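Quick one: structure below, then a few questions.
Chain naming follows the written order as A, B, C and D, and within any one chain the residues start at number 1.
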Amino acid sequence: MEKITRVGVFTSGGDSPGMNAAIRAVVRTALYKDKKVTGIYHGYQGMIDNTMFDMDSQSVSSIIQMGGTVLKTARCMEFKTTEGRAKAYEHVRTAGIDALVAIGGDGTFTGAEIFSREFNIPVMCIPGTIDNDLNGTDLTIGYDTANNTVIEAIDKIRDTAASHNRLFFIEVMGRDSGCIALNAGVAGGAEAILLPERETAIDELIDMLEQAADRKKSSMIVIVAEGDKNGGANNVARCVQEKVGYYDTKVSILGHLQRGGAPSSADRVLATRMGYAAVNELLKGNTRATVGVRGSEIVTTPLEEALSKKELKLNEDLVEIAKIMAL
Amino acid sequence: MEKITRVGVFTSGGDSPGMNAAIRAVVRTALYKDKKVTGIYHGYQGMIDNTMFDMDSQSVSSIIQMGGTVLKTARCMEFKTTEGRAKAYEHVRTAGIDALVAIGGDGTFTGAEIFSREFNIPVMCIPGTIDNDLNGTDLTIGYDTANNTVIEAIDKIRDTAASHNRLFFIEVMGRDSGCIALNAGVAGGAEAILLPERETAIDELIDMLEQAADRKKSSMIVIVAEGDKNGGANNVARCVQEKVGYYDTKVSILGHLQRGGAPSSADRVLATRMGYAAVNELLKGNTRATVGVRGSEIVTTPLEEALSKKELKLNEDLVEIAKIMAL
Amino acid sequence: MEKITRVGVFTSGGDSPGMNAAIRAVVRTALYKDKKVTGIYHGYQGMIDNTMFDMDSQSVSSIIQMGGTVLKTARCMEFKTTEGRAKAYEHVRTAGIDALVAIGGDGTFTGAEIFSREFNIPVMCIPGTIDNDLNGTDLTIGYDTANNTVIEAIDKIRDTAASHNRLFFIEVMGRDSGCIALNAGVAGGAEAILLPERETAIDELIDMLEQAADRKKSSMIVIVAEGDKNGGANNVARCVQEKVGYYDTKVSILGHLQRGGAPSSADRVLATRMGYAAVNELLKGNTRATVGVRGSEIVTTPLEEALSKKELKLNEDLVEIAKIMAL
Amino acid sequence: MEKITRVGVFTSGGDSPGMNAAIRAVVRTALYKDKKVTGIYHGYQGMIDNTMFDMDSQSVSSIIQMGGTVLKTARCMEFKTTEGRAKAYEHVRTAGIDALVAIGGDGTFTGAEIFSREFNIPVMCIPGTIDNDLNGTDLTIGYDTANNTVIEAIDKIRDTAASHNRLFFIEVMGRDSGCIALNAGVAGGAEAILLPERETAIDELIDMLEQAADRKKSSMIVIVAEGDKNGGANNVARCVQEKVGYYDTKVSILGHLQRGGAPSSADRVLATRMGYAAVNELLKGNTRATVGVRGSEIVTTPLEEALSKKELKLNEDLVEIAKIMAL
């Protein structure tokens, strides 16, 4: 294997809080190892458009606390074509980049895997997505921050007057993954949590709410993952309202604010450790893999393995705990 | 006029952050003036249900920082009937309450005015609502906190990646009043703000967005007051999407989280000053009035006057400023 | 008077949250009025060092929510000399700047007044300091944010276990002005507040604390302005500890974190309105003055007047209210 | 072993955010398992003073988001005597408590171990302390929240103007453990971190700062754990100031505000899982142990083992990473 002299770094797909901390760690670790660093704007699109620039230590000053990504991000259709990738590689090669660090989610990993194989360029991935739906790691960068954002919203809603029979529905992110809904639901003390991974019939939900109302609760909070089979918080609220009219239902749809905000301490440390590890792994000759965290250890997993199956992230114990806590 | 020996205090209508600070100030000021204090749960409903209790200094310890209201609140239909109010007065009289402090919005003021006239009981009101839509005061308790809550949401959304042609719609509270939308829109640097007080045609909005896009902006944020004539953020987003398909539109509906949260410093100080003034005014013989703030002065306005007309709260200069700032 | 074609803008002295919002408003208002804008780094020092740059609308994009100041700030000794100011003016003139907007506090205003007189250049000031100690305005930019920062700290300290006889001292900013201490003290529900404007003997403080302890309070919070005559929170804590050993005293010194943070909604709106007004006033021919807010109106005051006397900002009613609330 | 019918729960030692979530989980899990629950105020002191009360599901409603502990806490000397423990046991026995859940730190665990052995009463411990200095778990309840609190302070300080040669010292908690200092230092992007576990000579610190200054940095942040051998941030600042006068040094001492605040999502979920596990382990016959988390698994460790040695929590890799990131 050739010696690495210049590392390219980019973020791709949906952004997540902590990506900047990862970029900073990649840049400073590479510089410390006497490598040069090229930043690539807008992910794979930037390779094709050749929007790249040389990064020094100062170029990542005071970004660790910022949400979003200073390298911007994009979804790129052209990179899915052989021609697109060829053009991208041409620019990468011309820039003198001989290894890549890709920060993003599933689609980012897929692109990285193909690109690395096609052009035999070393690539390490870093899992950055608020959804925590990636294989090869316990936690993805941004997930912790997103959970904190959601519980702040829940806490505020819980503050409001305990009028009788008021029912709040809060829709949170998670098209396929109920991680945020489940965690934030437990942390926010929700009375019910609707997850994409399992169907909850409206009648079943009404049963739960009526049991809760029987016990003691006058106001109740239901967390609905956007990917819930009933079609989102607006639909669920309408269905409940239609079936049992005595609730005053209120809906909040948090939307993209869950992607933003200053990253939490845990996300910044995780991102920093992962960025550091990604460069070191590349320099040790590891490639076509993703870094991840298992317990308190940083590990790597081949991309092929990470992409081959969806690991079940949903913590079944926590689903059970959520129910008991709502009693 | 009879000497006041016991003050009753309650919160009514929608709750707002800072109500607890007002309750605390009422209680402690009254006790300091050697009066007794009765807390009434659930506003007018609590008078009818006779859910009252004696309040000492400790009963309001460590509540100044809490959202919501420890006295709970409710909307009460029965109080709108002569019989309901008669029952309420019977309980108030039996409890030895000879003056009332009512904290809430428009409906609360109306009830207080009628009750005070019917039974000749002294009443002072304190304006507590996030909507800032009350006459007789520059600011209502909770409005400042709600604005801060909304801009935190806007800030987070602005963080997320500046993908091209991404268009965010954030729906904020304000059925009839655009105060929150306008202030938070200016403070959040929104590209456009839709207010209930004026109609904004979808085409006009699209024009504004295209101008903004022409200049420089790739991602844009539109604040939509819930009372906007186009029918809320979901509708506006759909209309824009239908007319000009090249935007990727995202919607957040903040909902009741705007009512909660720890009150801001300004709301706590305002509430404390108003609670202090309300009791002092009652003891000086002032009645059937609301306290308010004008500039840095606490003032009072007769309820009749405060209820007679809707003052235009919308700051026209700020509407103009909002447009210039979006350029 | 000559027509203005280019406005220079700078921040000087201590920074405060909201300065960026003011800069943005100055830039965008001037551009809207078809003026050019020059940004000057590091305040008066930047005039001397000639670190200036042309500002367009995008140069102030996405800064409204940022603490600090993108134009940096500095204290500048050289500007206090005739030679320094002559050099500064030379650079200002060469850059084509024919009017200035200065954002800062007392020292900034003094420099602006002298510079404007000496070289007959139009200048408008904007009050930016967390201390709220400027004449000519009810509120300075940053003060509201600083109060919110302090009460978040107080709230957190109040959370910790109510062990018996635990006494917390929190030192807040304010060398000569007790505005933050008083407001945040009231908003945080402090048991005692030590202000620079009045001496509080340690014995008097101990009396207050023992009265509070007699009534009910097991844990107490004392706010100490840094300019308190007893010498700061560490000293006060030590003195109390020496005199009455049965307290477990804990000290927090907030320091410069009070200057930072995302500006509050109120500070952003205030700064935006002031920046807008400053440019408009310059264009109307007003000069050597500061903008300010009185109630809900934006006003201007000649610098000579604003600098001639220190207005008493300390709200005496609030001092009285603070005592009653602590009972 | 006897069947358990009533579980006693208490918090002891320093409080930490998330303790309420643990209490709530213990109560609701025990009730779900058809056990009765007694809450004991003020930890071991409350056993001696017999301040106990029956807890139902509503007694822990809406506490999951609160800092501090609703059961209060205390340090108790009397419990260190045989007589004190005998009195405590008498009250525990009379109350019908036949198993205990103790939430707290090192001292709490020691007391629990002795008490359990002496009176043969089943006890499970839950690690609650912001210091993360307990054996048998990767993370203690409150540590994540404290890290978030510290980085918010660092972020705010970083906002303030980048005047030349300004040097900020932030003192954070950690008498013996540098966990908070190290993690928050990395997450906050500190230029240097002083830890209790290793001596940093002032000259060495000055070297680091001058290297940083040489590179690029005009303002620098140094995190100082309170247990640092140089004697705290005030002392370090003074020493640096004396040796190299050209820095303008500023000190913030965060103090007890690090113990407060609404717990983070991660702390709430961790506390909930641990509370749930503690009760289940007791019911399964496990005793004289602490629950903990290893990676994503909840585990238990005998108290004897957990107390026998101090595990090195300081992450050596992270110490190295911190240095590279500051370059």
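The definition used in the following text is that contacts are C-beta pairs under 8 Å (C-beta built on N, C-alpha and C of every residue); 3 or more make two chains touch, one makes a residue touch a chain.
Remember, it's a predicted structure, so these values are computed and weren't measured experimentally.
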- Task: Report the chain whose mean Cα position is at the greatest distance from that of chain C.
- Result: A
- Query: So how far apart, in whole Å, are chain A and chain D when each is placed at the average of its C-alpha atoms?
  - Reply: 28
- Between chain D and chain C, distance of the C-alpha-averaged centres to the nearest whole Å: 36
- Chain centres from averaged Cα atoms put chain A and chain C apart, in whole Å, by 39
- For chain A, which residues are shared contacts with two or more other chains? 155, 158
- Query: What chain-chain pairs meet the touch criterion?
  - Reply: A-B, A-D, B-C, C-D
- Can you name the residues of chain B that touch chain C in the complex? 21, 24-25, 28-29, 31-32, 57-58, 61-62, 64-65, 138, 144, 147-148, 150-151, 155, 158, 183-184, 186-189, 215-217, 262, 264-266, 268-269, 272-273, 276, 294-296, 315, 317-318, 321, 324-325, 327
- As the complex stands, chain A meets chain B at residues 11, 14-15, 17, 66-69, 72-75, 149, 153, 155-164, 168, 234, 250-261
